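Common to both upcoming complexes is chain A, partnered first by chain B, then by chain C.
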Partner chain A sequence: MKIDRRSFLSLGIGVTAGTTLSPLPWKLTDDLSIWTQMWPWTPVPKDGEVSYVHSVCTLCPGGCGISVRKVADRAVKIEGMDGYPGNDGSACPLGLSGLQLLYGPTAIQSPLKRVGERGAGKWQKISWEAAIAEVAEKIGRLREDGKAHTLGCITDSDCGTVPELFKRFLTAFGSPNFMRTPSCADTYEMTLKLMHGTDASPGFDVENANFVLSFGSGIIEGWGTPGRMFRAHSAWKDKKVKVVQAEPRLSNTAAKAGQWLPISPGTEGILALGLAHVIIKENLYDKNFVDNYSFGFEDWKDSTGKVCKGFKSVVTDRYTPGYVSGITGIDSGDIEALAREFAGASSPLAICGRGQGSVPGSIHEFMAVHALNALMGNLNRAGGVSAVQRADYITWPEPEPDRVAQNSLKNERADGAGSARYPYTKSLLTRLPAAINSAEESPIQALFVANANPCYTLPDTEQVREAFAKIPLIVSFAAHMNETAEMADIILPDLGHLERYEDVPTPFGMNTPMVGLARPVVSPRKGARHVGDALLLLAKQMGGSIAKAFPWTGYEDCLKKTMGKSWTGLTENGFVAKADYKPAGWDAAFATPSKKFQFMSEACGHEGKTGLGAVAAEGDPKAYPLVLIPYDSMRLSGGAVANTPFLTKTVADTVLTGKEAWAEVNPKTGGKLGLAEGVHATLTTPKGSVRVRVHFSNGMMPGMIAMPRGLGHTAPDAYLAGKGINLNALVGPVADPTSGLDAAWGIRANLVIA
Partner chain B sequence: MSALEEKTKEVSEGGGFTMLFFIIGLVVSLIFGWVVFPELLYSQKKQPFDFNHALHSELVDEGCESCHFFREDGSYAGVPQLAQCVGCHEDVQGETEDEAIFVNEYVKTGQEVPWLVYSRQPDCVFFSHVAHVKTAGMDCQTCHGDIGQSTSLKVYEENRITGYSRDIWGKNIAGFKTHTWDRMKMDDCSECHVNLGVKQASVQTGKGACFVCHK
Partner chain C sequence: MKKAQEQNKPKKYGMVIDLDKCTGCGACMVACMAENNVPFKKDESNKKDSITWMRVYKLTNDEKYPDADICYLPRPCQHCEGQHGHSPCVSVCPATATDYSEETGIVSQIYTRCFGCRYCMAACPYHARYFNWWDPVWPEGMEKMLNPDVSPRMRGIVEKCSFCFHRYQSAMDKAHYEGRRDIEEGEYQTACTQACPAGAITFGDLNNPAHKVHELKKHPDAFRLLERLGTNPKIYYMSNREWVRKAGDNHLMAEKPAKKQH
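So, the complex of A and B:
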């Protein structure tokens, strides 16, 4: 007998047969498959009681109602809240991924004091007491030196208790320099001021409109209250409501619209006047409204008795379809057809504010678009635009500024808003950097920044950083590290959006006055405090009339007392809305000098909206033969709150690859420049030069380059820093001649193969 | 002998020997697969301390649901939390060592007891107790057996690969069962669903088959 190779083979066969007949392979396969499906290192929330907390998302001005699912004390999922006015169950990807901010690494854990160079990111942790004492001491010295008016405040909103607390602090302190971050709300509000005479924000009855004409508004790209716009947009599809999108780039909104009009950017207002021309010429407008409730349609006399041209003659004399076609690039036949279709609808709605509306825009463009709604009498009625009165629930007694503050409040604002030059404008933050940079000593000596990130979001970032570097004291109330907090001297960390209470009054575009309640979903992190509490502590530390202006024990006390009887409703339902609200009828709606809707306003000079044409892009056309236009996307957050890692993952490879950003051009333009898909190129504007990759897209008008907002962060966030390019660094502000607001829609540029 | 005959002989001799090796291989691997493998696959873990279900169920009014209750919203509370026990166990009751451990190490320190749950399913499974107990009127035994009458907790056998309890696959390594509660695998759920003609579509997703439990 010999043990040979064959014996081993049969041993092997025996083992195989035995193993197959045993449960081992089957059980192992099962276990391994379970193991691979449930990697033990994948974090899984602990078991516990499941609960839902209704709150309001404050990551953008949209203010969507959200419902957060919790397991024990951990928030595990964010969804849109059913039944919340506007968004009713929907939410955007930024809002849905808000847990990554809550549990992410950028949340600031304790007050910080800058120790290194400004912007170098070197911090020392300090106690709240020490931080408040230091800020109070420094700004106190400003008051002693008669410079109380040099305290500035930048925040994202001007209504609601938090912005009101800031305003109150500034008033009691003695400064007029409260500044809201710019957006198309500024221009819309001024439009309503000039045309309706009311201090209101626009409400769009998107649910009932049956024809929508958008002058570049990113209806599904985050314009207005995004959650609500998504819903309205899907409802329009079902109801066969036609959407017409005038925009130079085939955005998602344009792609899904019934008609896309590729228009030369910046000429949207001219198109509106061209449409008005056809509507007036063909007598398609609402005569009852125009004859009885409007002023300035026919020729009129101004306060000096001079006869001025009315809207009708200006529009009919000049803005013929042929003329408008030459400027806008849109076929004159299309203009006529569109005008008839618009006027033929029972509730046609015209809206403007490019993309998400982050740039205020030209006042004349807004007035021209709004005049279209007025021509159709589509104001303050179903399916139209209404002037929604500002929230009226804050009824605190006026603060009583002491003598120092009273004197100091007489000073002009540092940004020029409300001055003789720009009497109707409330905030001109985009003018502030230049004002600081051109002055010997910065007109802002101390600055509070809350819920805003101007060092990232303002145009001409370089100039902004330069200006901030000249401000002796910057106090940031950021919850998360960002570009502006990095420039601060002291950071007093705010609670995150899922950790705090806050009232959220009627968001931009809502047509019913309401207020929602953001409330803590989880217990807040220890080292942070509500910005309202931080401000109350500071006021207390300042003492005197400033402390007296803040009689509350804390922010929660202030909020509850302010809301009074509404508090119960707010906590039970998450919001209170005036269900029976109806906008005022035409006979009572207008508070202009004529008590009527004003097509023309003296504020605009007698030529009004018509004489100025399009706002030109900055740059010499010879040196910069192309035009760079920024665009917005739901996958990128261009606002004060930066992208979450989840959101960045959704960005297409032709927008961002690794750290490289892509620029979109029409293949024809690209071909002429000797470019090809995917090549590297140098993009230059008067503001700077960057390296990009080229993406050919037939959805771009020739002669233009498009890049998205929301990339190119520098703040220390491993998921974002250094990825792509911040478009604001390449585009500078262009002041609207009447409002002073930023009306830049792009900038001249050049693209050369690298 | 011719060369051919020699070859034949060798082959036939080798044939018996080959058979022996085959049988050795077969037997060893069968023993390994059936006896040794299960021993290796599961680690034996003890619960933090022992618990007497029988004793407790005599003292309560509503059977299992007295402690394993449904919350107001219909969700199932599962294993009791400390808060439910402290009412009676604020101080040590009786003289058992387990009671002392419970009160001193957990009740007094406010730390939840890290019970090892025999019926814990993977997180990719959606299971609603209320649908089974309240809507379908099933009793606890059908799935959990007689644990309610037990006087002590059995050893928890943890699958070293998956981390789940042996009770999911069942004590029988071949996967055979005699009682409905012997196993808690996917097939057992679907077997019952099919037998009872349960609607084969998810209420939430409206989709059938996998989506009933994997949402």
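So, the complex of A and C:
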């Protein structure tokens, strides 16, 4: 048969039509999809009965109520808990991804003993009995040698049963060295101590404030309880509440604010005094409060008859808008307008603590900002700041230290807190590394670390690691491997945040006293034990008066007995709050020597002058013409708990690409330095030098470099380790002269094309 | 009779996102990943192959310091209705793996039908669709957190935001079980809406006057992305800043926006 053109075409058409009409292509498509998808290793999640467990997230100090969805015995999703005080149904991205920590590969499965060099990551699994016996034997020897005071403890909090158990252990053992990781809560608490005379934490009635002036606080970047602040921020939008943000970088908070004041960093306290100047000069302050309930506003005579300058004289003499403008870089007209606007609001709220508040900050700055609230009489009332009494539910009988402990407790603390130099400060962890490094024999011979990661979060990380290397025994209670656990000699793995009970008392910033209950969502992994149980075991092993101080059979027993009648409410609702709580009235609120609010405090005399200057950044301006400022982001966890894979996935590619971190600079500054978008550059500070990529941002103050906290982890996590740079390694602490707390807001730096 | 008709009226689920409230925190992205078993790799910094059904974009106004401004824009699948359900991706799918539901207005993605030709990705003007270049890998133990309501995908197929359709199914199942024909507004909310700590996302039936989105979408500050393409998307955005509203549409460099005729 001859194939001519006609029959060829007919055949072609016939084949096409036939194929189209036949089921063949559809069958092939179907097969194709089946064969491209039938991979036996693609998991098929098991189904089961759905249930919800209410708990409290303890990944950051915010303490948000969470509701965890379970399918059979698996936890599959974390959501915010409706009706929980503060966050009420909302949660932050870190909290939402908490299951990746629970089921992640970094959870420690059994007690570990270091076998290789310190920090080399070589471990030997040991039994709980052996681990407890070894720790007890080693710290027991300290007591025998009269060095009981050299046992230290670092945790993230100083209230709640777990920190109280540690404090109790240290007291019974004979050491004053209980240390809390630093944050702006330290400075706020000291501010309340000096100005209100109360041992309290600050409460901010953000829900009812109608003008918000923030001195660099990352309102939507993790300051306070994130879920609560986000909700308040949106409510302000609805109620047209104006937010003014003073900050050198256009942060998210600044971008969302009604007004952004790009201020020279470190001069925030001076701006506050400038505003106070205008408010006082123009008689805009609350006269009833200032005249009847405050002290130190007018000049006064002290006990020796010497005339002391009052707040009014200090502020009106020196902090004129012109002077303040020159230091802060804010236009004097803007200062005057802002002061009037602030004073014109019925509930104006001034807050401070940069970013998430992870650095304590200057006490003068905090007092200046708090004085603004006081000038407006916006204390202990709706829409203002109140002094919230510390949790009072822990009423254990005092431990009875034996003679060894009693003698040992008389020693001064290793970090200098509470000493004659820093009498009002409770913990000065940032001073500890230098104290250890400068001593011949470390003043801390044994160290407990729980719920903290000082080898990552403390400033000048290199110095911290060096100091930790000099401590003969470090016991870590970490649930997950982190930089500090890597430096430990023995790890007694704690239960993860979704595996354990814990009371969560009033978080920083909440204005109603409360306690929430974190509880196990899933059954805990076998090799780990609750940090409280580990401590009880250790106490029992120590015997004597130490064992006697811990009469409980286990942590759960301790918690239930401590909560007493509240336990039922806690387990049923997830929290107990004093709904009818009202802060004390002005006539009963202040416990200062004058029984009034104190604008001025004698504690601030250390500088030998009244008034304050800007907090200077470390480094020589000639060698380091630029300034590096760290910033906080909701998409990076800068605290003790590191980023989860989901959270890291949300990080922008102008912050992190591959393993490289980016540094933000103003295009003008970058241009002058011969840089361009995306180029590699060397960033140098007095603390170290790193390679970065350059990102131009118009939201940066010229002369500044910004980088985020939360990257540069070294601990073994394939999803995070080795990515970017730990900002804490580039910035050193700057001690506040009065409090000794770290007041660093940045460091001088240089950026050179690589 | 009339009541029954009312109840059977087709729904049109959509969102109104208040960009002035959005803080760019990323909670919506994380909640979405957790709810929908979205995979993650060791390095997710190449955003071209990073699967994020919900992605929050950062917009800047391009002004110099100190007039610079930032706005964040969460971008789920826009669930385009096009003209009579002819959304860009649905029209091009040769495998009928993606479909426009006349009942809910949701653009579906049926993983078992998709064979990975990626026509839909080319057609989608919002980059809302993602291709699985690799098999998903969960570190040992982490597959325990997988949600059984959403099947994990495998390499070679396209995935995208489903408006958490499984939540609609379970809400409807519950309603039917309780003898109700329909669900309340609060019974079906997407994971991102539920998670947004700023309350910036409002989700509901755009056709239903009782739902909040019905009014919100008419707000003078409301706009949609690339509206001139005629994709008729069901995600509305709101901002009182003009530069943000303008950023909702885009023009090529050479393409001058037509001047208004007077």
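Definition applied: the second predicted complex is superposed on the first by the 702 of 754 C-alpha atoms of A that agree within 3 Å, B and C clash if a C-alpha of one lies under 4 Å from a C-alpha of the other, contacts with A are read in each partner's own complex, and residues count from 1 in each chain.
The working rule: a residue touches a chain if its C-beta (ideal position, glycine included) is under 8 Å from a C-beta of that chain, and two chains touch if they have at least 3 such contacts.
As the structure is a prediction and not an experimental result, all values here were calculated from the model.
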| item | value |
| --- | --- |
| Which superposed partner A:333 touches (first chain B, second chain C, both, neither) | neither |
| First, second, both or neither for A:621, with chain B first and chain C second | neither |
| Chain B versus chain C as contact partner of A:252, first or second or both or neither | second |
| Which of chain B and chain C A:99 touches, first, second, both or neither | second |
| First, second, both or neither for A:15, with chain B first and chain C second | first |
| First (chain B), second (chain C), both or neither touched by A:7 | first |
| Partner chain(s) touched by A:47 [first = chain B, second = chain C, both, neither] | both |
| Touched partner set for A:32, first chain B, second chain C, both or neither | both |
| Partner chain in contact with A:78 - chain B first, chain C second, else both or neither | second |
| Larger contact residue set on chain A - chain B or chain C | C |
| Those residues of chain A which chain B touches in one complex and chain C touches in the other | 32, 34, 37, 44, 47 |
| Interfacial residue positions of chain B with respect to chain A in the complex | 13-14, 17-19, 21-30, 32-34, 37-38, 41, 71, 73, 75, 77-78, 122-124, 159, 161-164, 169, 173-175 |
| Residues of chain A defined as touching chain B within the complex | 1-4, 6-19, 21-24, 26-28, 30-32, 34-35, 37-38, 40, 44, 47, 49-50 |
| Chain C to chain A touching residues, read off their complex | 18, 20-21, 23-27, 29-31, 33-35, 37, 40, 42-47, 50, 52, 56, 58, 60, 62-72, 94-95, 97, 111-116, 135-136, 138-148, 151-157, 191, 194-200 |
| Contact set on chain A toward chain C in their complex | 29, 32-34, 36-37, 39, 41-48, 71, 74-80, 87, 89-93, 96-97, 99-100, 102-105, 220, 226-227, 230-231, 233-234, 237, 250, 252, 255-256, 260, 262, 634-635, 645-653, 656-658, 666-668, 697-702, 718-719 |
